[in-house]
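Look for chain A in each of the two complexes below; its partner is chain B in the first and chain C in the second.
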Partner chain A sequence: MIATLALSSLIRHRARTALAILGVAVSAAMLLDMVMLSSGMRESFRSLLLSQGFQLRLSPKGTLPFDTEATIRSADSLVALLRSRATVAAVSPVLGGQLHFAVGNATLTATALGVDPAVQGDYELIAGHSPTAPDEVVVNDAVLRALGRAVGDTVRAAAGYDPQLRTLSGQRVLRIVGRVRFIYLALDQRAAALPIATLRAMNGPASAGRASLAMVRLRPGVDVDRERAALEAQLRTVTVISTSEALKQVDERLSYFRQLAVILGAVSLVVGFLLVTTLVTVSVNERIGEISVMRAIGVRRWRVVAQILLESSVIMLVATPVGLALGLVTARWLNSILARFPGLPERIDFFLFQPSAAWTALGLLALSGVLAGVYPSWRGASLPIATTLRQEAVG
Partner chain B sequence: MRSRLAFLVLLVVPLRAIAPQGNPRSIAIDERLAADAGLRVGDRVVVASEPGLPGDTVVVAGIVQRRADPAEIARGEYRVRLHLDHLQSLLGYGDRVDRFGVKTRGAGSTGDALSRINAAAFGFRAHRSADVAVETSRTFAVVSRFHRAIGVITIVASAIFLLCIMLLKVDERRRDVAALRLIGCSTRTIVGSVVLEAAAVAVLGSVAGIGVGGAASWIVNRHYQAVYRTPLRFSIVTGDIVLLAVALSLVLGVVSGWLAARRLAHTAPLTLFGR
Partner chain C sequence: MSAIVDARALVREYRMGEEIVHALRGVSLAVHEREYVAIVGPSGCGKSTLLNLLGVIDRPTTGELSIAGERVDRLSDARATDFRLRRIGFVFQRFYLMQALTARENVELPLAEAGMAGTERRDRALDLLDYVGLRKRERHRPSQLSGGEQQRVAIARALANRPALLLADEPTGELDAYTGAEMIALFERLNADGTTIVVVTHDEDLARAAKRVVHMRDGEILG
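Up next, the complex of A and B:
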């Protein structure tokens, strides 16, 4: 009977019920989006950093990897020292730079990464093979498109360009041996990778023995934080960054979005709560006479409360899945806007659906909506029966 | 104005007790570095282009306030300003610079100067400051688009909330409307009075909303200026925004009031009384 009465009451005020469901659904969508935003980019970045299994990154003292043009001197001895440690499974040195490809009379510039192909963690091979010989290079689709070349072709490239003399320096003829996807670079960013020794030689003496970054993969079971502290204490010219440290930096830089997400998520929760409270209060006030009659004919107080709570529960239960669908659609739209950040790696998602977080948020909204009906329903069911009936009858 | 931007690390080691060495060069540091490193004007420090290099001993001649530059807010880096020749010498860059800033005689002469410089230029190119600003502010264009999208969602949510509240508010007046109908008031008068009341509620709500918005904006600015240590204003309540908010709530209030009042006015008075 409770369910029938609750449903009849909702159906009797169709417009009001529909608007309430829509209002709660939009609140739920907003809350879901904000939960996805607050945790999504962190998780997305974490999985990006750990995707190749390197837990530590060494960059020039006081800098973040590739945040400046600074490089590590004597990088080869640093790599040798790292490889000699029992805790280290692999070390991948990376030198950043530029390659200028000659295209007719013009040049086409691309980001260049000098890597150790055997242990590199900067790209995924799509076609061909990694550069093993000194004159081999792998490039991404953006370079292939711009050059109009394919895997197997040769290109003339230089590491330096003097704009005043319009001359190229450190020129080499390189053979494209692979098509790759760079993990940490933007999708539309032209990039190429070649053996680090080749890039150093092309750069000239200033680059000898240097690296921009060294990535370290630890052996299974090694305590990452302890190893980071040990390396930091031992190596004075580099900053050692663990994944958690990098995430802390990311958190700091993107704290604006996280805080925005928390504020808007809280506002959504409050709006959902207020909406249901208002609806239930008005609904109870309208039906005071009806409630008093029910009480007068012997319906228990808890059954009256249960009926009203059921109404708010139905609104929440119908609105939450609608909100979930709406939230996923808007998250996709918002993510497509933020994905246009210049230089953002392709794999970074600002809005990441994590079932546990999403269900917790939506469950919280549903619970708050149901609780919002407790006070008005209890107040309605507790009114003095005779007085209320007389007032209702007299008007 | 010639300038050289150093992307290399500048190691700053405070050496208050360092023995004076002739006439050291002077530098200016930003207030963030001064606060974090405990540096004051007159302190001597060593600056080097890389850790481990001997570098130069210099004296802190000034502490500068950071500009309200959105490009810098999320970056925790410090800024050190050196004399151009000093930085060139520290970096071993000879007399190279990254860019020249050219001040033209009025906006009209900028285009002429631009084309003449580019016609004579060899190895460099002149750009309008406005064009450079557009190119370097792509990040903020994205953030701005994101804010607009969030704004649209918020407006939709607020609109539904407002509609719901106004519908309920008018629905509460069933008995009043029934009484007015029974004493002979016309449908037009009843609808008009309810719409007027809805408009008054919407205007009063908007005025309160402007107050709340202004206070929220003040809190947001205070909070983020402290978090990012910048004089940048993060939230600005403009006349356009106020106008949009008031217009939106007024339209929604009037429309929802009219819809609900019309429905009540066309229902039999006794039905409204529940008889």
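Up next, the complex of A and C:
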């Protein structure tokens, strides 16, 4: 009976109910998006760092990986030392640089990564194979498009270019053997990977035995933080950073993003709260005569409150899944816009759907919606019956 | 016959800003079982205030009030609500049916609140609608009923939990003369069947139908 009264009250004012549901759904969508935004980049970055299973990254002392052009001296002996440790499953040295491809009279510059193809963790192969010979290179679609070449073609490339003299240095003819997607590089960033020995040779003596970075994959069960501390203590010329520390750095750099998301999320919550409060208050004010009659004929106060709360709960229950769907759609749309920021890795998502966080956020909104109905419904149920009926009769 | 209503020196005062309005100035009234009492008087004389006190939807400022042997002038809200549910039937001038519910559901509302099971509740509601001549209109909503029909549904609702006292506030006030006459006949039948009735009215025909008429003026009972 109480449920019938609650539902029929909503149905009686279809347009108002629909607008309220839409309003709460928009609020829920915004809250969900903000929750997704607050944790999205961090989680996305974490999954990116861990995607190839490397938990530690070694860079020149005092630097972050690829933050400067500094390189690690005697990288080969460092790699050999690391590989000799029982705790280490794999080590992937990486040397950063540039390749200048000759295109007619012009040159086309791309980021170059010198890697050990057997253990590399920088790219995923889409077609072809990884370099197995010194003169083989893999490139991404941006390079293929710019060069107008395909897998199997050869290209002339140089490691150095003097723009004043227009001369190339460290030239080689390389054969494109694979089409790849670089994990940590932006989608539209032209990039190529070749054996680290080849890139060192092309760079000349200055690069001999050097690497920009070494990525370390530990054996299962090894304590990452303990191993990181042990390596840092043992290796004085490098900074050892674990995934969790890298995430801390990311956290610091993204803190304003999270603050913004928290503020906007809180605003969404308040908007949802006020929307339901307003709706329920209007609904109660319209029905104070009906409510007073119910009380006069013996309907208990808490039942009247329950009826009104049921109305707000139904609005929230309908609006929440609508908001969830709306939030996911808008998150995808916003993500596609933000992903166009230059320099961002392809796999970074600003909005990451995490069921637990999403349900917590939506549960919070639903709870706030129900709580928003408590005061007006209790006020309605507490109206002085005789006075209200007299005023209604006069009105 | 025992007294269903035993009101002694009821005073009801309202504060309106700085001013105190004396709505009832020491009213004493006894209504016995199976009695049919009409309270009449000019507007503002306090008859509706008295009815509200008898219906336990308001409290006297001072005085004592017993209904069906129970002191009701100082009941808590929860106990007063329960008392109204089980012992009082209300009929209002404007019917005040729940627009969302059918005629039968409106009659079922106090039965459901009293905890009566579904089938029994439905049968009781249909019996009551039968009693007021509206069984065939059980599925109609208030907006599909005439004023007289709505008032008859309201009477069936008021009788749902077999109240000790039926209170009616201007029950013919919104009805035309013909429908009003039907309502008067229904009240007479109710009383003849054993229902104790107190009705507040300006309607002389309705007052004449009562077994006793109580006149009020300026918050007091005359005579």
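Following the convention adopted for this analysis, the second predicted complex is superposed on the first by the 394 of 395 C-alpha atoms of A that agree within 3 Å, B and C clash if a C-alpha of one lies under 4 Å from a C-alpha of the other, contacts with A are read in each partner's own complex, and residues count from 1 in each chain.
One rule holds for everything that comes next: a residue touches a chain if its C-beta (ideal position, glycine included) is under 8 Å from a C-beta of that chain, and two chains touch if they have at least 3 such contacts.
The shown structure was predicted, so the numbers you read here are calculated from the model rather than taken from an experiment.
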Applying the touch criterion given at the start, work out whether A:62 contacts chain B, chain C, both or neither, answering first, second, both or neither.
first
After superposition on the shared chain, which partner residues are touched by A:194: those of chain B (first), chain C (second), both, or neither?
neither
So, A:256: does it touch chain B (first), chain C (second), both, or neither?
first
Look at A:289 in the shared chain and tell me whether it touches chain B only, chain C only, both, or neither; answer first, second, both or neither.
both
By residue count, is chain A touched more by chain B or by chain C?
B
After the superposition on A, what does A:319 contact: first (chain B), second (chain C), both or neither?
neither
Please indicate which partner A:264 is in contact with in the superposed arrangement: first for chain B, second for chain C, both, or neither.
first
Given the touch rule stated above, what does A:138 touch, chain B (first), chain C (second), both, or neither?
neither
With both complexes overlaid on chain A, does A:276 touch chain B (first), chain C (second), both or neither?
neither
Quick one: is A:159 in contact with chain B, with chain C, with both, or with neither? Answer first, second, both or neither.
neither
Both chain B and chain C touch chain A at residues 289
Touching residues of chain C toward chain A in the complex: what are they?
48-49, 52, 55, 57-58, 77-78, 81-82, 84-86, 88, 90, 92-94, 96, 98-101, 105, 108-110, 112-114, 157-158, 161
Could you list, by residue number, the parts of chain A that touch chain B in their complex?
15-16, 19-20, 22-23, 26-27, 29-30, 33, 60-63, 68-70, 73, 162-166, 236-237, 252-256, 260, 264, 268, 271, 274-275, 278-279, 282, 285-286, 289, 330, 333-334, 337-338, 340-342, 395
Within their complex, chain A touches chain C through residues 1, 4-5, 8-9, 12, 289-290, 293-301, 303, 384-386, 389-390, 392-393
Contacts from chain B onto chain A in the complex sit at residues 7-9, 11, 50-52, 74-76, 122-124, 138-139, 142, 145-146, 149-150, 153-154, 156-157, 160-161, 163-165, 167-168, 171-172, 175, 224, 227, 273-274
